[in-house]
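Below you'll find the structures, each written out as structure tokens.
Next come two complexes built around chain A: one with chain B, the other with chain C.
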Partner chain A sequence: MTQVQYSSVNVGDEIPLLKEKPVSRFTLTLYAGASGDHNPIHIDLDFARKARMPDVFAHGMLSAAYLGRLLTNWVPQRQIRNFSMRFTGITQLGNVPTCTGKIVEKFEADGEKRVRLQIRCSNQYGEEKLAGEAIVALP
Partner chain B sequence: MRKLEGKVALVTGSGRGIGRSVAHQLAAYGAKVVVNDLDAAPADEVVREIRAQGGEAVACVGSVTAVDFADRFVRTAIENYGAIDIIINNAGYTWDNVIQKMSDEQWYAIIDCHLTAPFRILRAAQPIISAQAKKEASEGREVFRKVVNISSVAAGGNAGQTNYSSAKAGIIGMTKTLAREWGRMKVNVNAVAFGHIETRLTQALAGGASKTVNIEGREIKVGIQQSMIDAAASVIPLGRPGTPDEAAGSVVMLCLPEANYVSGQTVVCGGGFGSL
Partner chain C sequence: MPDRSLIGRSLGETTVEVEKGRLRFFAKAIGETDPVYTDEAAAKAAGYKSLPVPPTFLMCLGGEGRDLEEQLKIYGFEVARILHAEQAFDYHKPAVAGDVLTFSTSVADVYEKKGGALQFVVTQTRVTNQDGEHIADVRSAVVQR
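The block that comes next holds the complex of A and B.
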């Protein structure tokens, strides 16, 4: 990975997009194991139906993890200073998580050069599932 | 005559075949159409064709079996045209086998597409239709809305189609039930059961040849051997299979104001063949 330089990025730039595979039951089972979040609403169809949902659906934190991956695909993890988000929609089975990030500010703080990014995870239909912000230090 | 001027119609599986003809005919009557298909290219093409003829249409691509499809379909209509007036549940295909060879996957794929998807679409549309109807009632107006569910003469039984015939019989029950539930909202809910209509599903195959289409990653056999088609035609009183335009006509006639007092019925469109 060639290192991203503060001087080479501009406000308005998009960072490289991250497009994941469609979310399947298998994805959700693996994520339950990896995260320790075993809430049956994400893995057990019978349970989901009892809760009046049509089917199981993705853990919110799974999309958050994809947003994290969007950032760490762009810069090394140690450069991430802050990462916050809010959930805006349910990610359903078959949705293709698509993460984007845009630089909205360049500034200096604590003696280092930083950029503020607007980050977003949506599905293949452009429906937003997660929106947030990240602050990243750049050399 | 623009008898459906300004009406908003949602048609599933309207990228090809009968659904495509339904979309075109509704547009020609003045309706704004939400075109759906599994495949983006044919859906976009139908939208382009309707617009080229001065009509209004928008695509909502994706499988009707996706969990979030119904909401997205309804939202596409509301965001683009602000209302729902006509819903045609047409998307579908066949995946045949005798019962001892029919897998659960095969059973559920067909039930999901032909029965669960219409159920979810109609459920998602209910709050919107109800709000529209309440408003019109408070203004002392009677505005009719239309649902046409596509069934098949196979609902009356057809060897090799346990899944499909069950789904197509099921949709007739759903039609009759909703005609009762939705009558007070002035919705006419009817079904049309097709006989043999010439489309991709029923295309003629030359001796021994086979053809498949890709439905959600599964290769599904389509087409009928020419010899079978010839034999079938001999029992059709009108002497030949129907065209997609003829099939669509029987759907669209139920959407016209002339049919406002028809509800809970199943029209058989089979050239005189088939009864339910």
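The block that comes next holds the complex of A and C.
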């Protein structure tokens, strides 16, 4: 991987997007096991219906993990200083998580060069599911 | 409505060892194919002592040894009515497989929106490793509908 340099990025630049496979029941079952989040609303249709949801739906933290991959595909993880997000919509079965990031600020703090990114995860219809930001140090 | 007097209340400490198998399973579940997260040789070549804990997995480790329903009871929340509202991480040092991490959690805020129709509880967790190094701060908000 070629190292991203502070001098070679500009405010307004988009980082390479991450497009995932459609969310399936299998995706959610694997994520439940691997994450330790066993909330039945994500894996048990009967429970979801009793909670008056039409079906099971994705863990917010699954999409958060995809946003994490968006960042670590771009820079080594040790350069990530801060990563925050709001869950703005429910990711349904069949949704295609699509993560994007845009540089919105270049600045210096704690003796290092950093960029602030606006990050977003939406589905294939452009409906936003997660929105947030990340601060990344660049050499 | 969760009581605002909950703010500042400690939700206790949990300690968990970071296991390589868990990290590989998590990598599979999130579609991570970078060998840094699954192959120790690649992790070492990238400068880590062992497999690194990926950015959001700290949240999962923090949930180990915690009973979600018990925690929600303290807020007066029910599992079927909650959603994750917000999540934030501040990273100070990398965590890797073999580390023993301590998660110290307290209630940071309690508030409502839409005239009480939405109730929020925010927790703040300080993560330290076996050497007492400050690894990260994790902030998490849940909402009850």
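Just so it is clear, the second predicted complex is superposed on the first by the 139 of 139 C-alpha atoms of A that agree within 3 Å, B and C clash if a C-alpha of one lies under 4 Å from a C-alpha of the other, contacts with A are read in each partner's own complex, and residues count from 1 in each chain.
Throughout what follows, a residue touches a chain if its C-beta (ideal position, glycine included) is under 8 Å from a C-beta of that chain, and two chains touch if they have at least 3 such contacts.
Keep in mind the model is a prediction, meaning the values are calculated, not measured.
Novice: Put chain B and chain C onto chain A via the superposition and say whether they clash or fit.
Specialist: After superposition on chain A, chain B vs chain C: fit, no clash.
Novice: Go through the superposed model and pick first if A:Ala65 touches only chain B, second if only chain C, both, or neither.
Specialist: second
Novice: Hey, is it chain B or chain C that touches more of chain A?
Specialist: Ranking chain B and chain C by residues of chain A touched puts C first.
Novice: To the nearest 10 degrees, give me the chain B-chain A-chain C angle using C-alpha centres.
Specialist: Superposed on A, the angle at chain A reads 120 degrees.
Novice: Contacts for A:Arg86 in the overlay, against chain B (first) and chain C (second): which applies, first, second, both or neither?
Specialist: Only chain C; A:Arg86 stays clear of chain B.
Novice: Just chain B (first), just chain C (second), both, or neither: which does A:Ala137 touch?
Specialist: A:Ala137: touches no partner chain.
Novice: First (chain B), second (chain C), both or neither: which does A:Asp55 touch?
Specialist: Touch status of A:Asp55: first partner only.
Novice: Going by the contact rule set out at the top, does A:Phe47 touch chain B (first), chain C (second), both, or neither?
Specialist: Only chain C; A:Phe47 stays clear of chain B.
Novice: Once chain A of both complexes is superposed, is A:Val96 in touch with chain B (first), chain C (second), both, or neither?
Specialist: Neither chain B nor chain C is touched by A:Val96.
Novice: Once the shared chain is lined up, is A:Gly36 touching chain B (first), chain C (second), both, or neither of them?
Specialist: Only chain C; A:Gly36 stays clear of chain B.
Novice: Once both structures are aligned on chain A, how many angstrom separate the closest C-alpha atoms of chain B and chain C?
Specialist: Taking the overlay as described at the top, chain B lies 17 Å from chain C at its nearest C-alpha.
Novice: For chain A, what residues appear in both contact lists, the one with chain B and the one with chain C?
Specialist: After superposing on chain A, chain A residues 90 contact both chain B and chain C.
Novice: Flag every residue of chain A that touches chain C in the complex, lowest number first.
Specialist: Its residues touching chain C are 20-21, 27, 30-31, 33-37, 39-41, 47, 50-51, 59-62, 64-69, 71-73, 76-78, 80-87, 90, 132.
Novice: Quick one: which bits of chain C touch chain A in the complex? Just the residue numbers, please.
Specialist: Touching chain A: residues 22, 25-26, 28-32, 34, 36, 46-47, 52, 54-57, 59-60, 63-64, 68, 79-81, 83-91, 94, 139 of chain C.
Novice: Which stretch or stretches of chain B touch chain A in the complex?
Specialist: Per the stated touch rule, the residues are 62-63, 66-68, 72, 120.
Novice: Given the complex with chain B, which residues does chain A contribute to the contact?
Specialist: Touching chain B: residues 54-55, 57, 90, 92-95, 125, 127 of chain A.
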